[in-house]
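Just so it is clear, A, B, C and D label the chains in written order, and each chain counts residues from 1 on its own.
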Amino acid sequence: MTDFSYRNALIVGAGTGISASLARRLAALDVKIGLAARNVGKLDALAAETRATTFAVDASEASAVAELFDEVDKRLGEPDLVIYNASARAHGPIANLDPAAVQKAIAITAFGGFLVTQQAAKRMVPRGRGAILLTGATASVKGFALSSAFAMGKFALRGLAQSAARELGSKGIHVAHLVIDGGVRSARHSDPADRPDSTLDPDAIAETYIDVLRQHRSAWSLEVEVRPWVEDF
Amino acid sequence: MTDFSYRNALIVGAGTGISASLARRLAALDVKIGLAARNVGKLDALAAETRATTFAVDASEASAVAELFDEVDKRLGEPDLVIYNASARAHGPIANLDPAAVQKAIAITAFGGFLVTQQAAKRMVPRGRGAILLTGATASVKGFALSSAFAMGKFALRGLAQSAARELGSKGIHVAHLVIDGGVRSARHSDPADRPDSTLDPDAIAETYIDVLRQHRSAWSLEVEVRPWVEDF
Amino acid sequence: MTDFSYRNALIVGAGTGISASLARRLAALDVKIGLAARNVGKLDALAAETRATTFAVDASEASAVAELFDEVDKRLGEPDLVIYNASARAHGPIANLDPAAVQKAIAITAFGGFLVTQQAAKRMVPRGRGAILLTGATASVKGFALSSAFAMGKFALRGLAQSAARELGSKGIHVAHLVIDGGVRSARHSDPADRPDSTLDPDAIAETYIDVLRQHRSAWSLEVEVRPWVEDF
Amino acid sequence: MTDFSYRNALIVGAGTGISASLARRLAALDVKIGLAARNVGKLDALAAETRATTFAVDASEASAVAELFDEVDKRLGEPDLVIYNASARAHGPIANLDPAAVQKAIAITAFGGFLVTQQAAKRMVPRGRGAILLTGATASVKGFALSSAFAMGKFALRGLAQSAARELGSKGIHVAHLVIDGGVRSARHSDPADRPDSTLDPDAIAETYIDVLRQHRSAWSLEVEVRPWVEDF
């Protein structure tokens, strides 16, 4: 196995699920970690545990994302690993959705991913190395009824991932899109007793992120899907 | 062949290419036509030729789209056929793109498609019939380098199409996504002499839109791709 | 609409469903029709109705397919339209399937499609025109549990369609792959009273085949999917 | 990282590329290895190096594959990890291909994969655990011109992978399909001096296979693609 080559990681849209597991795994690899979210108060315990620095940001605002990266450069060092986990949805029949909520879902799920990818690219292209991981969902590849806003955001993020991989791969930057196909285990969403591991363990998901980050540049993955063994799909 | 069942068509993002061909074909079928675009001045000749009514609209503004449909209801009658052809791009390396241009590309290419689909659904669901056609591109299914903004917009529109088809199909509304894979013939973009029909003839594209609209509900297409016979893909 | 340009059609794997509807539509367009199947006895009534010539063939045997086309050349004239509808399945858990049945399913569903495409290409390439339509299913794009043999055959046929389209398109031959997503209406498989048009009407499917065959070479479809308006997918 | 849980691995279609790298990695994990190929003479050095047992087999013959697994059961122990790497192609215009060569390409690339998956399933289902890895290629997802036979075989194998994953996943068997998108480095196929790592290093590919095999059942991948950082795709 190749050594883990990334030293400064920024996770945008950090919360208590996949991001927390990732932060713990990265901390164990002695990576310096920045955790960015709209509301950083909820991140205090995780930040303490992973010796991470927290940053408040609205990822859908271009100037806020630019400032975020400037702050990260100063306080953490230029990130060579950037992970985008933010998303928002608006559920319901198309006729009933609030256009502002749909706009916001797209802005946070996809446009924020662009803004973060852009700031990452600005730093990584001159150095000729880095990694950008974008977190997708079932909705990235299938647009479900009553979920049009989320489908739009997640499809768009997948388009970004492909475009970014094609542009940035040969510049030494590993872009990957992780399709999380299933419910992620959490305090609110746990396994039924008779269906062990029927939800995605965030620690298991994080392991696959780390695997992707360890890949040698001669054999990079762009898209990796993960789902529970018992998932219908 | 089944008769053509739609009577009032609204084309949003109308221009001189596919939309003009569609308007001519629909006019020949005695469909009443509305042509909506940001700049309607360019549509005068087409409107005269197809006895169409023109509407000025910024399709990425929720209130403007709501007003557009109210106007269409009054001046044309409730549309039972709505076609979304608007799109915008921003070309270049991810690091160099103007975030505002990317935001606008997504807003016009995808969010506008949602707003128009929403207004259409509000009218069609109560009647239990109608058709919504969304125009895609090669970028709908493949994110190219240097074209991230367009990929995001077109991927998102495809996600909307899938979600809308799954929600609205059983309500009698035919949602279809047309993937235009290649360059559309135009004054600026014509066939090389030694490569006849190497561009997409907009009249030929329009024929396939009409075919889709004639489909019986027992065998509807959601996605149809068209490309020139000599296209590399 | 462009005129219908094909004059001699051969349908391989002809039966009572889509093929019969296609034969009737083609006959109405004054196309000379050949119907090929393993058991041609079942085709007598259809052949009489459509003034078609019948040919007995095992489509999975190379020599038999070569002989079929030689016969068709003589009795019908070189076909400029060839449609492959044959398929076979083997249902059940992977561990329980009879390997011979799986082999046969692949042979009839996919290898026969190759053999027919090959004979068609031999005739069409020199003339610089023709059309080859291959009939797919839901299983062409999604491998379901307990249906591995059919998935293998239908996936393979889709691979053939893509490869053939890329090779033969620029030689003037329109290759298309029709994905029939849902149950086709038949004597055994009709609509529940409360779910009108919930099965695919074979006449409606045939209409889309004809639409594809009428497409101008500047805007050809390779893949078109059809499904009932109420289908879950 | 979870421990590596598989103890007896069988690689069918073993050669000098990916299979050899896999065998070395598995040997380092103290896995007992069986190497099966049509011609086992070429495997002597690898077998010695990895303490592997070799088995001669024509993977496209049902009885031969059944015998292979019986032999493996006796000499190695029932395999809990089975990898299918065999493939064959036939290159050229569709009209020129030898049907027997196409049939053989499908038989080795896809039907052999079924036979091996079937024997693996027979052993793994009763135990409620195991892994089956099927090796794909660019041709698994895109049918290229002049490569119809390979496309048919690789598409079919992908259909098998999906079907097998949907059937066997909830029985504790991890089925994965690895899409190798690019040329694999070899004595004949090495990197140009100015394009380092432009071919896929088989050791790097093997690393990703091992990663997939280490995945926890709550987050399994079905499909993982790998390609060189500089690959056009």
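Here is the rule we go by: a contact is a pair of C-beta atoms (placed from the backbone, for glycine too) under 8 Å apart; a residue touches a chain by one contact, two chains touch by 3 or more.
Worth saying up front: this structure is predicted, and the values here are computed from it rather than measured.
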item: Option in B-C, C-D or A-D whose residue-number contact pairs overlap A-B by over half; value: C-D
item: Distance between chain centroids, defined by C-alpha means - chain A, chain D (Å); value: 31
item: Rounded Å distance between chain A and chain C, as computed from the means of their C-alpha atoms; value: 44
item: Contacts with 2+ other chains: residues of chain B; value: 166
item: Pairwise touch network: line, ring, star, complete, or other; value: ring
item: Chains grouped in pairs wherever the two touch, ordered by label; value: A-B, A-D, B-C, C-D
item: Interfacial residue positions of chain C with respect to chain B in the complex; value: 1-2, 166, 169-170, 172, 174, 185, 197-201, 203-205, 207-208, 211, 214-231, 233
item: Of chain B, residues touching chain A in the complex; value: 62, 93-95, 97, 99-100, 102-103, 106-107, 110-111, 114-115, 117-118, 121-122, 125, 139, 142-149, 151-168
